[in-house]
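The two complexes that follow have subunit A in common; it is paired with subunit B in the first and with subunit C in the second.
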Partner chain A sequence: MPAEIEFALRVGIPILLVVVGFFSGSIFEKRHYASIERREKELRPIPVTNVREFDTAREIVASRLVMGSVVISVDAFKSMVGGLQSFFGGRVSSYETLVDRARREAVLRMMDEATGAHVLVNLRIETSAVGDPGESASSIEAVAYATAVEYRK
Partner chain B sequence: MIDGLPIEISNLETIPGKTIVAHYGVVNGSTVRAKNVGKDFLAGLRNIVGGELREYTELLNEARHDSVERMCKQAEQLGANAVVNVRFATSAVAAGAAELYVYGTAVRVE
Partner chain C sequence: MSTPYVPNDPGPNPNIANDPPWRLVAILGGGFIAVILAAWFVLGWIGGSLAKQVPDGVEQRLGEFIPVEQMQGQSPELLAARDHLQGIVDVMATELPPRELPYRVIVVEDPTVNAAAVPGGAILVFRGLLDGATSENEVAMILGHEIAHHHHRDHLERLGRQLVVAAVLSSIFGDGGGLEQLGGLGVEGLSRKMGRDDEREADELALDLLDAVYGHVGGSTAFFERMLEDDVDGLMKWASTHPLSAERIDRIIEIAGERGYRFGETQPLPSFESAPTRE
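Our next item is the complex of A and B:
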């Protein structure tokens, strides 16, 4: 009997975690995308570019470096699917939404800091894996930074 | 986030609206941070359910802020009043520890 219980626990717990991850992960992702899309609409009037030029003809009142960052983790279901996909090679779609969410969130947080700015120039986005080297990357950090320029009205 | 600094910083080659009158060379700042056990436990749970690891976002943000402060202090000591062309870099140095590095060119602007 104990052997059967042990077997049930060994197989059951990982399956349970993957199932929990599937439901909670997709709920969190749906909510996050809804919030990203809503805030992107709100912040659309402020232009953000990765070029270095700004309007030198206008008088500049202030400029500062603004930045935003976020660390996002995958769920157990996606990391299992990702593991399988990377075993067979090709497109690992389960991680694509993760990096997309992280980058867009970082840019939004950066824009939240830029209140009063008329334009954000020289945007840079960086992504790095958080966690132990060698371990499969389960969470990633995205950082976005840019120079916020405020013109005289 | 990067408020209250004694000098101006920008990731452009200049401080918009000002002119550079002197260069002082490259300045940098770095911090190495390790995650702690309590945060690791929460992160472990997050790795199952997915979503943002707020503890880590804050940890890395604070570390990056410290790096920027160190870089600015270095620039101040050289007599600069601004740092231009600022770049950030992150690297994993050991198990569970990350280095947050920032570098730029110290200048005097008017």
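Our next item is the complex of A and C:
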């Protein structure tokens, strides 16, 4: 009975996608957070600030622009939950971890680029949705940029 | 700026929700299902009731979208089969209040073991249904079932219901990341569930019609017994519009008992191999 099989597929495939999305999304997110926390701890001695001047008493020998960016995709589970949340209103918590991870990852990548710097000033972070305009978000991009400053030792 | 920089550990992350995801899913999923159910019952009822009021002329025009006449098999045996089945249908029709749209049998050259009611009064009978039939009564039961669908205007009701519900849901969930599709599936599932109720009612009327034509309801369960044997009731059956065959057989026997119909001797389906003589 092809009609029944077709119906089963039409019900089964979206459910399967959401279940796969839930497990794969959770695993990636867990790993990513572990990695973010470890790297943040390692890089914590280097100050990163959004002020334009830092420790002005010291003599600057070099400064340059450093950037880090990342694109993280929403999974089928988050997308479904996000869709429900955007229908009923309120906090779209299913996307919050996504944005949080993207921003922190972008800052970490930016700091990786700033080897040798003593301080990063004038930090800016920007977030944008990647995907067709008008469609519900599929991926988000975060860009972090700052000025890496080296002082005379 | 000469404040010394003191690296310290940030506390718990205030930027993300710490609720377990299943809780969210339970609350939101429950709300979503409630919206679908409400839409189904309220709007569906409106759509279905409106559809039942559709005049015959509109139904006829609706039926014209499906070119059923062209589906009639042109071989002499299929034409003979059509004429024979039309005779049974015409007798059954006299049991029902007259309507503008006559019931027309169309025999389709297709191995599918099935039949269908199409808006406009057409009853499609697939060749597969005739090939495996053990008696004329068996086929007549199915014809009665499709006539019942026409008489109850089930197909129109379902169409109206689905149209109204789909229109409203798509405007609510228009851009909800696949929610429209999920909602659509929910509606389809519900409509299948309701479809089963329609099928039960259609079986009841079909039994009345069968008894009116043959004076007994022998052969009424034969088709479903055949389905059982062929194990068409496999794992996909949960999604089916039609109630399970075993369930239907029990139900038919039960209704026959209630109405005092007896299971008499069936008569063979004429062979249409060499048209158009009857055995």
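Basically, the second predicted complex is superposed on the first by the 153 of 153 C-alpha atoms of A that agree within 3 Å, B and C clash if a C-alpha of one lies under 4 Å from a C-alpha of the other, contacts with A are read in each partner's own complex, and residues count from 1 in each chain.
Note that in this section a residue touches a chain if its C-beta (ideal position, glycine included) is under 8 Å from a C-beta of that chain, and two chains touch if they have at least 3 such contacts.
Because the structure is predicted, anything quoted here is derived from the model rather than measured.
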item	value
Partners on subunit A (subunit B, subunit C) - clash or fit	fit
Partner chain(s) touched by A:Met80 [first = subunit B, second = subunit C, both, neither]	second
Which of subunit B and subunit C A:Val20 touches, first, second, both or neither	first
Partner chain in contact with A:Ile125 - subunit B first, subunit C second, else both or neither	neither
Which superposed partner A:Met67 touches (first subunit B, second subunit C, both, neither)	first
Partner chain(s) touched by A:Pro45 [first = subunit B, second = subunit C, both, neither]	second
Touching partner for A:Phe54 - first (subunit B), second (subunit C), both, neither	both
First (subunit B), second (subunit C), both or neither touched by A:His32	first
After fitting on chain A: smallest Cα gap, subunit B-subunit C, Å	11
Contact residues of subunit A, present in both the subunit B and the subunit C interface	54, 79
Touch list for subunit A against partner subunit B, complex	17, 20-21, 24-25, 28-29, 32, 52, 54, 59-61, 63-76, 78-79, 105, 113, 121-122, 124, 126, 128-133, 138-139, 141, 143, 145-147, 149
Subunit C - residues contacting subunit A, complex	1-2, 5, 7, 9, 13, 15-17, 19, 21, 24-25, 28-29, 31-32, 172-173, 175-179, 181-182, 185, 188-189, 192, 232, 236-237, 239-240
Of subunit B, residues touching subunit A in the complex	1-2, 8-13, 15-17, 43, 46-54, 56-57, 60-61, 64, 86-92, 94-96, 98
Subunit A - residues contacting subunit C, complex	1, 4-5, 7-8, 10-11, 14, 22, 26, 41, 44-45, 47, 51, 53-57, 77, 79-88, 91, 93-94, 96-97, 99-100, 119, 134-136
